[in-house]
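Two complexes come next, and they have one chain in common, chain A, joined by chain B in the first and chain C in the second.
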Partner chain A sequence: MSLVQISGLKKYFDTVHAVDGVDLEIKQGEFLVILGPSGCGKTTLMRMIAGLEKPSAGQISIGGADVTALPPRKRGVSMVFQSYALYPHMNVFNNIAFPLRAQRREKKFDKRVIREKVEDTARLLEIDMLLDRRPRQLSGGQRQRVAIARAMVTQPAVLLLDEPLSNLDAKLRANARDELKDFQRSSDITAVFVTHDQIEAMGLGDRIVVMSEGKIQQVGTPQQIYDDPANEFVATFLGSPSMNIIASAHHKFGFRPEHFLPKTLNDNPENARIFHYFVKRVEYLGSDRLVYGYVQGHDSHLTLAKVPSNVRVSLDVETDYEFAVHYRDLKFFDQRSGARITRRNPAEAL
Partner chain B sequence: MAALTWILSNFWALLVIALVLLVGLRIAWRIHKYGATRAEFSHILRRSPFYIVVLVFCFFAVSPFLIMFLHTFKTDGDLYRRPQPFIFRQEPTIEHLDALFNNTAYLDFIRNSIVVGVAVVIITLVLSLPAAYALARLTGRWGERAGILMFLVYLLPPTLLFIPMFRIVVLLGLKDSPLALIVVYPTFTVPFSMWLLQGFFKAVPPELEEAALVDGYNRVEAFLRVVLPLSLPGIISTVVFTFTLTLHEFIYGLVFIADTRQRTLSVGVPTELILGDVYFWQPLLAAALIIAIPVGLAYNLFLDSLVQGFTMGAVKG
Partner chain C sequence: MASLALPSFPLDNRRVVGILFLAPALIYILLLVGFPFLLAIAFGFSDVTVGNTDLSFVGLRNFEAVWENDIFRQVFATTIRFTLISQVFILLFANILAIIFTQEFTGKWFARFIFILPWATPVSLAMIGWLWMLDTKYSPIDYLLLQTGFLGPGGHLSNDRNLFWLASPDLAQISVIFVQVWRMTPLATVILMAGLSSIPTDILDQAEVDGSRFMRTLLMIKLPLILPIMVIALLFSMITMFGDMTVVYVLTRGGPVDYTRVLGLYSFQVGIEGGNLAQGAAISLFAFPLLLAMAIFMLRAASRAEVR
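Up next, the complex of A and B:
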């Protein structure tokens, strides 16, 4: 069943439509990633779930109760901020105990219970030896763990994470991603994770919500989002390098660079569309070769191909080749709206 | 008494001896620590001009206080005949100090000033803490304008306001009582400290407050538990500044209170110790010095955060 239900949610700042009509259901125990370019409204959406921002219209309910008008403290959510927002005047122990102390009276926590809970959570996140330190004495990775511990200690219904990995260096980030996923799975908490990093999103999310210009573009598993994009935006936003889009007479069609391969590699040329491809430049990236060139008849922009290095095909610059894309890898989009169009017979459509 | 006389008579010799001793000890300590090497001596020689210049500047900065201190103990004859500020030609005396404490209401002035200062500081904090917090977080167009408008009140000079204020004080029946000052002083301390505090509050990242809100606290608790402790240095320096504002205020103090025993330092000292064109220099200087020393020390302690408060208000405001 769905734990969080969002319907018709809007947020306007003066004339800017930061969030413009979002409907979303978040399931119990899932890891939901909200992905989008900066300024797409993903952080505003999360802040509205947390109660830090008042929606202009729409409704949010958590666990069946309407929380739209409730302040953050009454929603049973907790949040990890991008800057971690650790209290600099408290040591790690007091930082983690802070949310527990807020519930002290209501849940009858005495000092012993608070100490136990803080120590348990700290042990789980392997920061139990840091409890006496101040936040400024911690490394980035340790700060992030303290922030997660503080958010987890009250066992909230929903854990909100606002780009918590963006302040870590690249090496730490991969590690932290892995740990975060393990941690979420073992604690069975519902997590909402906001990011602009598609690798993070693909790696972490059970489901991904792709947002742009305040609207949800698509919701689905990482594979659905990548293989079956709902529109041109989703298709080009995910994947690196992004999908090639070519305009034809009636519509646009797109294919991913890794599906655009020399014809000789294709074992069944009948199922593939052949393009005359003029290779302009080849970049050797180790595992792949990135090929920049022009498709005949569409010389206005570059079309990219990603050819695995272990494939024994020689690719020379300033040379014409025949490249092929399997029909099932061709996606069609409406010329004006960019919405995905299904073609029963892609061979004819071209 | 004899000891004091001896110290004052030989003041300069003692000062020089103390300085030489201090410098000598410092050099001895360095040599003890780093060894009597050639490099060490050349280091000391290279650094010496710097410290000599510092010393000269220190002397300029301190000399008004030195003159005040020395003059306190001078007899009238020594003070007026052939002025010579730095040496005693007649035996030092404490009769003027004695007169200040026993023949004037100096102790009453101090008491009144402290009572007024403390009360005004409390009223100012109660009013300006919430106002400054609201202005720091109301970042919209109107929030900023409201802040500037309130600060403009501070720029209205008391010379313009003291007559209407006097009418109000009389109406309230507070004439000739320090209560009058407690009521009137917040009119300029509140806008001023609000402006200072606003700068300190703006320096606290809003995310910290939001974290406290999500962690289960309401806005007041978040303010008390997160914002307040983090801006405590700023609040303390605001307190110091507000207190000194009340300490040196003159016009309101002069106009509202005619009864000598009810007056504050800034009014009482000059009105009691200057009669017509007769200046009682020794007690005047002593009265000023005794108050200047604690205030100066307090300023020194909080100078850094005070400057920070001003610039934060200016840059981010």
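Up next, the complex of A and C:
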């Protein structure tokens, strides 16, 4: 059952179409990641779900009720900002208690209930020993937990997270990602997570919404998005290094660097497309070797190959090799629109 | 052999340039603040008058004489009373106006412009304007009250045709405080507006998502966050007001009797107009320790309240 339904949602700032016709359903209890480059409209979309931004057109309903015209407090949503937006003059307890106190009258919370709820939530996030501290006395990771506690304490229908991990250092981030995912799963809350970081998106999302230029490019599980991209944008946006795209006479085709391997490694050359590959440079990255070179006939762009280091093939620079891509790993795109084309027989298409 | 050193030009020397850049401020402070201040101290401990400019040290005699003077005590009390009462209203109005001016509405630019005018107008010029507004006979305020039946025979306020704004003890004090509030509110408003617009929008968005409405956001988020800036605004306007003599000098000359005589004016009247430079200096120096203590206390309070 879908908890949030978004249809025909648009947001124009003067002539800029920040969100340009979005239809999306968010399921109860799922972890949905909205992924896209900066300026793609993902934050604006989230702010419209929160009620902080008024849509220019379209409709949002949460739990079956149309909330398009409602202010944030009547939507049953809560939000964690990138900056955490902790109230700097309040201690942790008062920060977490703030949304409860703000909704005290509607929800009939008395002092005792507020104290219990704050303490329970704090215990859940393991910040119960920090309740007397001020935000500036907390580490980045602790601040993030306080922000999540404040967002969770009202038991919202939807938890909105706007790049909440980007202010943490790399080591802490991986840890926080795991915890966030565990926490979401155990509390069974519906989470919408905005990010531009594909690794975060792949790691966290039950489903990923890829956005670009105000439009949804593809919605799917991390695997669907990676293995079966809907168009050239999705194909090249995900994956690092990104997919090689080569233009041929009728269309473009692409393959990921990790699928582009020396022919000798391929046990069944019948099912693979062979390319003559001139190796220009090799970077040793520890687990992989990143190879830069030119595919014969397409030497206007560098083509990358990612060869696992444990494969004992010597790769010398300024040397010709034969590299192969399995036919199933070749993706075809329309030359003009970039839309994905399915080829029944990839061998003939080349 | 060619030298590798850059051609030596005085302005290439960091020390020279530093001193040059500092010079205008230093000269200003030394000449127009430091020197008069030291001179006032020297005068305060001497028997100098306009007629006899020899400085001979007399110890605390001037201060003792001033402190035992009943007029001085009354003036001192009046100054403190005027300052405190006007600050209450200045803070109240400045907060309200700053909140209004940081909202979005049509004509905001024009409204801001109008409200800044009292501050942008030269004090003496504005005071002459108020002198007319509060004139004993031709006050436009009285005229309006007369036309609306509040004044004149059978009027609700008085049977007289005039209220005598600057001639009756109560109204004169109220008028002076009102004009001070009118004059000082814009600066405090501007300072508070800067404070309000420095609150991160994330915090305000967060409060909105948390379900906070206007009053709660104002009282629990905005005002606590601008408290340090509010203290600074208060300090500015208190110090300006405490030392001011222009308003009463133009409007009332301290009258009726001594009801609106404040420290700055009294010091001027005794020291310059009365020619007793030593006592005038002593009077003005009474304000100094008080203002210094107040400034230190408020600045420390502000930095303690500073949370970011």
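Everything below uses one rule, namely that the second predicted complex is superposed on the first by the 350 of 350 C-alpha atoms of A that agree within 3 Å, B and C clash if a C-alpha of one lies under 4 Å from a C-alpha of the other, contacts with A are read in each partner's own complex, and residues count from 1 in each chain.
Here is the rule we go by: contacts are C-beta pairs under 8 Å (C-beta built on N, C-alpha and C of every residue); 3 or more make two chains touch, one makes a residue touch a chain.
Computed from a predicted structure; not experimentally measured.
Partners chain B and chain C clash in the overlay (superposition on chain A).
In the superposed model, A:R312 makes contact with neither chain B nor chain C. By the document's definition of touching, both partners, chain B and chain C, reach A:H89. In the superposed model, A:R134 lies in contact with chain C only, and not with chain B.
Shared-chain residue A:R336: touches no atom of chain B or chain C.
Within the superposed three-chain model, A:P71 lies in touch with chain B and with chain C [touch as defined at top]. Shared contact residues of chain A with chain B and chain C: 50-52, 71-73, 77-79, 81, 83, 85, 87-89, 98-99, 102-103, 150, 154.
Put simply, chain B touches chain A in their complex at residues 205, 207-208, 210-218, 221, 225-226, 229-230. Considering their complex, residues 50-52, 71-73, 77-79, 81, 83, 85, 87-89, 98-99, 102-103, 150, 154 of chain A touch chain B. Those residues of chain C whose C-beta lies close enough to touch chain A in the complex are 200, 202-203, 205-213, 216, 220-221, 224-225, 307-308.
The part of chain A that touches chain C in the complex is made up of residues 47, 50-52, 71-73, 77-79, 81-83, 85, 87-89, 98-99, 101-103, 134, 136, 150, 154.
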